[in-house]
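All chains are identified by letter, namely A, B and C, in their written order; residue positions are counted from 1 within each chain.
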Amino acid sequence: MSYKFTQQSNSARSVILQKLKKQVEGADYDKLPAETGFTYPEISFEDQFTHFVQLLRNNQAKVISTSETELMDQVISELKARDISSLLYGADSPYSQLIEQGINQSGEQVELQDYDYQLTDNKDKLFNHTPASITSSNWAIAETGTIVRWPSQNEPRTMSLVPPVHMIIVDANKLYCNFSSLVKDQNWKDNMPTNALLISGPSKTADIQQTLAFGAHGPKELIVFVMNSPTDINL
Amino acid sequence: MSVNQYTPDRTESKYTKSASTFRQNVQRDLANEELRSNFAGAMDYLMDKRKASFPSNDELETLRDQCKLIKQRALVKLPHLLEQLETKLNENGIKVHWAETINDANEIIAQLIESKGGKNIVKGKSMVSEETALNDFLQARDMEILESDMGEYIVQLANEHPSHIIMPAIHQNKKQVADIFAEHIDDFEYTTDVDTLIGEGRRILRDKFSKADVGITGVNFAVAETGTLCLVENEGNGQMSSAVPDMHIAITGIEKVVEYLDDIPPLLSLLTRSATGQAITTYFNMISKPRQPGEKDGPEEVHLVLLDNGRSQAFADEELRQTLQCIRCGACMNHCPVYTRVGGHAYGTVYPGPIGKIISPHQLGLESTKDLPTASSLCGACGEVCPVKIPIPNILLRLRKESVKDTKGGEGELKGAGSNRKATEAAIWKAWSLLHRVPAMYKVSMWFATRFRGLMPSKLGAWTSVRTAPKLAPKTLHERVKARRK
Amino acid sequence: MTELNVRFYPSQPKQVYLFGTCLADVLFPDSGIDAIEFLERQGIEVIYPDGQTCCGQPAYNSGYQDEAKQVALKQIEQFPLDIPIVVISGSCGGMMRHHYLSLLKEEPQIQGFCDRIFEFTEFLVHVLKIELKDQGPKEQVALHTSCAARREMGVHLTGRKLIEQLDNVELIVHNKESECCGFGGTFAVKHDDISAAMVADKTANLLDTGVKQFISADWGCMMNINGSLEYQNKPLAGKHIASYLLERTSESNPSNKGN
């Protein structure tokens, strides 16, 4: 890059770093005080799961227990309830075959759209002609009621951001107690993707007089389909 | 339908951005009952939410200690971590730019936008871009830049500044927001229904997102270990700004870097709970690379602008360095009895409230912020709730000392040190000190004071405008103790 | 703000010093005398060094730390014996216990001096482990604790414990009990508008409880709140906790007769 500012940025860089280094030169990192995290009480997996569902519901997500055989009937029924006849999905994604079969066999007039385009040239399509999307997820976090997604080539990041209704499939077997254990256990630090997303409900804001309103910019509705649910949550 | 152009001329703003008129600002805003009630209601709400999110005091205190140490470790290693961050980001394909001043930062951003031929710019929530007055800068170059955080959008429409770092339009109630929409948005059907108002904002802003070629955001944490920029938000404006346009420019202060990815979970937990009492925000967005081959969305180019603007001055003093531990949760202002009453605009600085009082002097100099360090009863509420345990009251005391010290303004002095020193005040404290360290003199004076208490004025300036004057006792405690012993 | 660490408390001493504070000295000496009398009744000899003046807080909080330091050093000289120093005002106690440490950090004996500082209610609860026998009539009171004292000395807890020991007294907690009254020393004069707004809310919250009296262990706050209440012609006033405890536990007090 050869913008005019490059030289100035380089000189700012050395000035700033020099100023900072002067202050902490020779600091002995081994002498830094020990950091202790809080030890949380052990919670059973079932309780973690219940907590996860409860928090998502508190944040206005709809949470539905599902299975491979039930999933698409439930998806179609949610679409019909909202009068939506088009669904964005990612071909070659973890549940894509299930989704394709389900739509084909249902006999319902639901158009399945593949995210097979570059966003740059298709913004109008994604923003104005895509009422709903369905994606998989990578993990979930019990402590905060969070679903974790590493967007991929097949399921890009805007799939869970732009369509007003976002459906997401969560595998309960991939539930972690907290964010910290997930990051460690999955060794994120050596594998960071282009983008990692933590989603804990539909988009919301309380910017006007502390009044909660959903669908600020992103999805107005988040529908969570849980596979392998360890407890009965359809109550 | 279209959004009316807002006037970029901030001199017409209702709220002039100057700390040097703090006293007048305070008078103006204390007298505004609607404003007082908006702030009082909002602060009560946020305090209750925070309290409810920390059911265990043990957990809270352990987390605070842990996060304080995480940030202190990051500061001790700051130059090293900034270099590591830069290296990692470069490896990941994200370009890093450095700016000493706000003007340099703005210039970098303007030129980046120009390099892309950018016309439509959207901005997610970023207090650092408020600090640089980026909007004014870009508008002066005929670039349209639209705030997309709902609160920031409202504030921008009204040609104001944020009055709170996480809830920018907290000073407006829904009726006032409706009035702003009615004034600035064509065909707006007047309503004070919050869902409808947000829906209106959504409609306008989504249209802008779909057409934007450059997105600007702030950064909550930058992870040196992995070269990752983290954004914390509920609305999705940060994601929209960083995922949809072809160019993403992030701007942040040099103090936002942390060492490890493992440092993030406790910091995030403490940030959202301290700020709004949420276990986590709706979105936590971690960006490590621009769009990769085969990927279908995300920006082709990602840039990070690292800004100093006075931070290295705070860094140069171990006590003041603690200021840089701040993770911008806003809990100190939510709990501050002064902020609650005067509101965020009275401070006349980008960062209001207790944290603003200790950041702003480094950015603007003690001279133009001279009334800020003294505008505190030192009640300590801010320090008590600070998630990273910044001893704000002690730092205020330190800034008071710096502001009145006898100095020539040499090397290593704070910008504006000694600028608030007045010869008469200094002489009074010298005399006070002498009086109180010579017991005989003290006792004689107190003896005289109490004997001639009838002469004490019943009006004591500011004190007696809302209070009666304290009455001197007929005899001092010293005398009475002596009499009692006889 | 200085952290409130768990503190080691000595057993009941035979002798203590009393630090009377400059406000009590010239404006409210009764509370000093009452504190002395109360402590003496517990069998403790109270020494009131005649050379004491002020803890130095006014100058310290105004940024004049050298001036404060000279005064602070002079105070330390007045309390040579290794016995507790009881301070009848929370914010002065906080100054001497916590802020002296940084103000006088180069003084070798400073930690030892600071460790001897006890706020009055803290001393009663934690050192004397006092058990109060209430002799007074039934009544309701509110309690205002100074912010510095609350956060640096924990006096909201000890103050509450003492009032709770009084069988006939009901403690009414006012709205926003922990919020600052707006005193803050020179703050009340330098930023009088803000201070006035704060004390207006504090007095309104205290008045809302309907009590006839509120108790405090800090004359700074009380001078502010009482001054405002009197200015508003309200029939409510604050009393120092030393005077209140002495009054409630004295059989000879005329107002306690016939209970």
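Criterion: a residue touches a chain if its C-beta (ideal position, glycine included) is under 8 Å from a C-beta of that chain, and two chains touch if they have at least 3 such contacts.
Computed from a prediction, not measured in an experiment: that's the story for all the values here.
Visitor: Among the chains here, which has the CA centroid at the largest distance from chain A's centroid?
Guide: C
Visitor: Counting C-beta pairs in contact, which comes out ahead: A-B or B-C?
Guide: Pair with more contacting C-beta pairs, B-C versus A-B: A-B.
Visitor: Could you work out how far the Cα centre of chain A sits from that of chain C, in whole Å?
Guide: Whole-Å distance between the two chain centres: 54.
Visitor: Once you find the CA centre of chain B and the CA centre of chain C, what distance in Å lies between them?
Guide: Distance between chain centres, rounded to whole Å: 34 Å.
Visitor: Can you work out the whole-Å distance between the CA centroids of chain A and chain B?
Guide: It comes to 29 Å between the two C-alpha centres.
Visitor: Please list all residues of chain A that touch 2 or more other chains.
Guide: none
Visitor: Spell out the part of chain B that touches chain C in their complex, as residue ranges.
Guide: These residues of chain B touch chain C: 23, 26-27, 30, 337-338, 341-342, 371, 373-381, 383-384, 391-394, 397, 400-405, 425-426, 429-430, 432-433, 435-437, 439, 442-443, 446, 449-450, 461-473, 475-478, 480-482, 484.
Visitor: State the interface residues of chain C toward chain B in the complex, per the touch definition above.
Guide: 1-2, 20, 22, 24-30, 32-33, 36, 48, 50-54, 56, 58-68, 70-71, 73-74, 78, 102, 147-148, 150-152, 178-180, 182-201, 223-224, 227-228, 230-231
Visitor: Which positions of chain B touch chain A when the two form their complex?
Guide: 38, 41-42, 45-46, 58-59, 62-63, 65-66, 69-70, 72-73, 75-79, 82-83, 95, 97-100, 104, 107-108, 111-112, 115, 148-151, 154, 167-170, 172-174, 177, 194-195, 197-199, 201-202, 205-207, 209-211, 225-228, 234-237, 239-240, 243-244, 246, 254, 260-262, 264-266, 268-269, 276, 279-292, 294-298, 306, 308, 312, 315-316, 321
Visitor: In the complex of these two chains, what residues of chain A are touching chain B?
Guide: 1, 3-5, 8-10, 12-13, 15-17, 19-24, 27, 29, 32-33, 35-38, 40, 55, 59, 115, 117-120, 123-124, 126-128, 143-146, 153, 156-158, 161-162, 178-180, 183-184, 188-189, 192-211, 213, 215-218
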